[in-house]
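The chains carry the letters A, B, C and D, assigned in the order they are written, with residues numbered from 1 in each.
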Amino acid sequence: MLSLLRKIAATGRVAEPAPPPPEPAPPDLAGRVKALRGSAQVRCVDAGSCNGCEIEIGQAFGPVYDAERYGARIVASPRHADVLLVTGPVTRNMAEPLRRTYAATAEPRVVIAVGDCAIDCGEFAGGYGVEGAVGDVVPVDLSVPGCPPAPDQIVAALRRVTGR
Amino acid sequence: MIAALLVSLIQVLIVLLGAPLLVGAMRQLRAVMEGRVGGGVLQPWRDLLKLLRKAPQRPEGTGAAFRLAPLLGVACCAVAAAAIPLVSTRTGLGAAADLIAAVALLTLSTAALALAGLDTATAFGGMGASREMTITALAEPAILTAVFALAAKVGSTNLPAIVATTLGHGARLASPATLLAAVALGVVVLAETGRLPVDNPATHLELTMVHEAVVLEYSGPDLALIELGAAMRLTVLLGLWSSLFAPWGVATSAGPTRLLLALAVFAGKTLALGALIAAAEVFMAKLRLFRVPELLAGSFLLAVLAVTASFFLA
Amino acid sequence: MSVNLVGTALATSAGLSGMAAAAALCSPVRVRVPMVGVLSALLGAAGLVAGGAALAGHGFSVRMPDLLPLAGISLQVDALSGVFLAVTGAVIIAASVYGIGYAAGPARGRLAQALWPLFAFSLLLVPAAASVSTLLVAWELMAIGSVLLVVSGDPADGRVREAGVWYAVMTHLGLVTILIGLVWLSAAAHTETFAGLRLAAAGVSPAVRGGVFVLLLLGFGSKAGMAPLHAWLPRAHPEAPSPVSALMSAAMVNLGVYGLIRFGLDLLGGGSRWWWLATLVLGALSAVYGIVQAAVANDLKRLLAYSTVENLGLILVGVGAAGVFEDSGHPLLAAAALTAALLHTATHAGFKTLLFLTAGSVLHATGTRDLDELGGLRARMPVTTALFALGALGAAALPGGAGFPSEWLLLQSLIHGLAVPGIVVVVVLPVAVGAIALSAGLAVATFVKALGTGLLAKPRSAAAEHAHEVSGTMRAGMGVVAAACVALAVVPGATAPALMRATAAALRGPGTSLALGATRQLTALGSTLSPLLVVALTLGAVLLLRAGLTLVSGRKRRRAPVPLWDCGAPPLTARMEYTATSFAEPLQRVFDDVLAPESDIDVTPHAESAYLVERIAYSRAVPDRVEHRLYNPVLHTVRRAGRAARALADGSVHRYLGYGFGSVVLLLIVLAAAQ
Amino acid sequence: MSADAQLLDLAAGAFLLAAVAILWRRDVRAQTAWLSLQGAALAAIAVILGADQAHPELYAVAAAVGLLRAVVLPALVRRAVTARAEDRESAPLINVGASLLAAVALVLLAYAVAQPLVRLEATTAARALPVGLAVVLIGLLILVTRRKALSQIVGFLLLDNGITAIAFLAAAGVPILVEFGVSFDLLLAVLVLRVLTARMRAVFGGSDLDEMRELHD
């Protein structure tokens, strides 16, 4: 216990200083951003990704990038969520669950497609098990390109939603 | 009488408005200790305001129990806050401000929430309800026996009377009986508010959930009430604990300045306790569900020791 | 003497029971059931009036020498009897009205219908008895009536018959102990009227009084479901038709408590401390054991029966505490404890009647008592669900429930008990409080389970799927007692004056420190409880919140219906629900050492390969451990003795004559030796 | 009541609390921490009594007891905890919850049987006597119900702390030499046990007493 305390004292803050805020959300999103009042509960949906994006999302909420300081928090149920972070090309098996998750999320809700696969199926375009991009299944509001996208880009997207 | 009602109103309001801030402060402290920046003390309020404006939903096949539970949760905490002498011993409920009644009210809100969890007919709802009720049932003996120890000395379960007597004889606080009772009730408070090591309020893994599993189905305004209720419950129980074992600063007389001072002291005490819990949680891991009975049995033992000590030693 | 209200009411009830029985015997089935129901309800009303009058201070005493050979019948009603008369009468009213709609099949038959009013009247007779012989007659009437009614439900059913046998045997063993005790007492005191015993008891040697009390504790305790003599209760109450269960569980068991109070405190005049410590400890034991069993029970009515064991245990704790305090010269504490016991008798009668009647409605509508088969009745039987919820609130002793004020009062009296000198008391009281608290906590879990899995959620079987709300008379019966529950829960203080008269009658002492006339709140020993205020404030806060919520979220208040969150998988089915068994599983694990559940898993491997599992059968049963460990061995020895005895009787006449001759010779030898 | 009396009560309370905590925790490391607290409480009792009854030599006893019970013995036990497998009582003979409830009964029993002694002389010291008795009983309980040799050592130490406390409270302190004698052969015993457990672990790879039943043949 003491050793842990010493470590805490020695380490101090590991979070990087906040980068300048990204440009505000597009007009069609602005209304919802206002309604969210700087707080965004996030539900991650892996629609069939290679888990590269998941690792980056994990980093985005880790101590270094600390998305929580902008009002974003990961929650356990889409009922509690405002934002869906969808990764990967939507496989046939995950298409229906993705729709259900979207339906279970209460208005106002925002869908962020994370990673190239989520935007245009990337590597897996035309694969026999692939239903299509996230945009083909549920309406996408923001997208974070990259394979995988860097944590700070994910954080930036989230900041556009929370507006902080 | 008017003054007393005013006191109760003030207590309800400070708990209502302050509870989310307490939670925010605890999260903030935890974030800082983990080397993060944290969402800020106001974050819980932001979440609540947002949730209140979200579109309300009615999950298929849920009924009155599901809709009533969030309201009841907040209401019970509010009534308890009005009764317990958090700021002043002259509360609106006066003679009817009973310790057992206050505890029973909080149990009522737990039971209502458990019923709501069962009402959803989802596996997780039932699981959470079952665990929640198990813990509550086993916590009850420790609570009432500790109450027994405190009330036996004062000769009444009337909260203002207990607090006033303790304020009268500060030396009593240093007696083994009181200390043992304090530890026992402290453990129970942790269990009743779903903090570590009994329940992990920040878990995302359904299989380890207790309280979270019950509320998985709630959204929008209902969820806002649930979160507010949980925060108020934490505040009220911490306030009750500090009023019983550290009553300094609780006003025994009317008078605005006195009340303001008491208000400040109350906020300070509650924040300090909250900080203590939050800091301790950094070092703790969650207990297995079937180790929790051991914890509660221990707290029951301490409570019994408190009773015997209050009789034999002091 | 001038016309006496109590006497008139009792006479009326007697007449009504006769009329009802006659009507049942000689009227066509169509008319029979409603007629009996109405007449019995009037009978109950008469009992209620008698009790109320007695509680209001009217005394009554009559002696009918030639009604019964040798002793004759003598009746006397004081405030203490009044409590039990009133409670019983109220229960009879509700159960009779309910029974009109409930009775079906064999229960509509002549015998069953004729027994009902007679049994009801015997329940009124017991607390009115004023002599040992009268009491014993009434007691035996009650026993026989209840046994026959238990089996009247479905005599063809084996489980019903088994329950009937258990009950018949145990209730008569109880009767025997009571008989011996009372005869011994009257022999020692040279009188058998209560008035005489009250005077003469002081002269009886302590040893005799102790022996008598032990016998009475066993006899009356077994009637009151005191562990370990409770085994008949969870068997008989579930199998009986629901109105009968209600009458037994809410009225009959109370009479065991009445006997204990009447003889222990009143006639024997308190006696010595160990009597009451024993009562207290046994009461605490029954409370905890009963509720632990209830917490893991799956059969709705069995659960309620075990909850009866718990509540009667709490009442016994109160009685025991009263005895201890009385013995150590704390009349106020004693009065408070006894008042708590009596108040809990009333409140328990209220919510237990409600629960058994609602459970009966569930059984009536679905045909099953198995909680794992029920569920989803909320939408199908709204009234029943709401009333069951009310009863459950009372049984869980939560604010707004009927059980809360009485348990609060009980705790108050115990908390002040530390003032009593004596090491044993100081050791016992904290443990007793712990036991009460544990039973209270487990009661909450138990009734959350019963309500949440039994009536809320989704139906778990076709039977529950096609349930329907019950008939008007049944709803009326439930409604009556529900109203009583609400009254007891909200303004318990209103009963204070009456209960104080009763305690005064039992303790022959001053009244309690309950605030006279303060009907809004309950004040005892320097603490005050105001259920009315608490309930009003909570409801007010709820309404306020609703209003505030609509204000905040504006017109969007309309709730959009959405499917349950199923983690994206295809919709949740009823098979994925948590059942009562799974709900109770953690508690069952915690109390593994107490319950010793029997579970076994049977894995059938696939035909091709031992590594492929075809199906897994898991079964779990939580038998009554006391029954297994205590009763079965006894039964075994009895059976063996019986078998041995059979060897003596091989049918040869000579042998039988030989027995007779041998015994005569033996007798002569003994006589010779004696001179 | 006087400040001294209250301090004594407090020390007694801490003494008892430590015993309960030792029964409560499975982790031997945590147990040793509580053990040192208990030693400190014991020393405090001695000091208070010394001040109360003006027995200056009690200060010396207190110092010795404090050093031995609060520092040396716990340290020895702690050093005995090496192998990971050793440092928690995984499966006591009766589960911790039950043994805690048993402790409730034992404490109540201790108070009940000690009453005559207390009534004998109504001093504060005498009123705290049951605490010592209760600790002795709890120590025995641990000795009976725990499997690991280390836990048994802990129980043994608890037992001895209780005895010493009784000695202090009843006779206002045993003669200093006796106390030292007791403490030193206690020290010896612990050392022997430590060596034994170390050897056992070296030879059998564990010090679970049940597994050692085979040794007798």
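Side notes on the structure shown:
Keep in mind that, in the parts below, contacts are C-beta pairs under 8 Å (C-beta built on N, C-alpha and C of every residue); 3 or more make two chains touch, one makes a residue touch a chain.
Owing to the predicted nature of the structure, the values given are computational and were not obtained by experimental measurement.
Where touching is counted per the definition, the chains common to chain B and chain C are A, D. Once CA atoms are averaged chain by chain and compared with the all-protein CA average, the nearest chain turns out to be B.
Using the mean of the Cα atoms as each chain's centre, the chain most removed from chain A is C. Among the inter-chain contacts, the highest number of C-beta pairs connects B-C.
As a whole-number value, the distance joining the C-alpha centres of chain A and chain D reads 56 Å.
Chain centres here are Cα means. That of chain A falls 34 Å from that of chain B.
With each centre defined as the average position of its C-alpha atoms, the distance from chain C to chain D rounds to 48 Å.
Spacing of chain B relative to chain D, judged by their CA centroids, is 36 angstrom.
Of all residues in chain A, those touching 2 or more other chains are 77, 79, listed in ascending order.
Across the assembly, chain C contributes residues 426, 430-431, 562-563, 565-566, 590 that each touch 2 or more other chains.
Contact of a single residue of chain D with at least two other chains is seen at positions 97, 104, 108, 111. A list of each chain pair in contact follows: A-B, A-C, B-C, B-D, C-D. Every residue of chain C that touches chain D in the complex is listed here, in rising order: 423-424, 426-427, 430-431, 590, 593. Chain B meets chain A in the complex at residues 31-40, 43, 46-47, 49-50, 53-57, 203-206, 209, 212, 216-220, 223, 282-283. Those residues of chain D that touch chain B in the shared complex are 1, 6, 9-10, 12-14, 16-17, 20, 24, 95-97, 100-101, 103-104, 107-108, 111, 118, 127-128, 130-131. Listing the residues of chain C that touch chain B in their complex gives 295, 375-376, 378-379, 396-400, 404, 408, 411-412, 414-416, 418, 426, 430-431, 433-438, 440-442, 444-445, 448-449, 451-453, 456-458, 521, 523, 525-530, 533-534, 537-539, 541-542, 545-546, 549, 552-553, 556-566, 572, 574, 576-578, 582-587, 589-590.
Chain A makes touch with chain C in their complex at residues 77-79, 94, 96-98, 100-101, 103-104.
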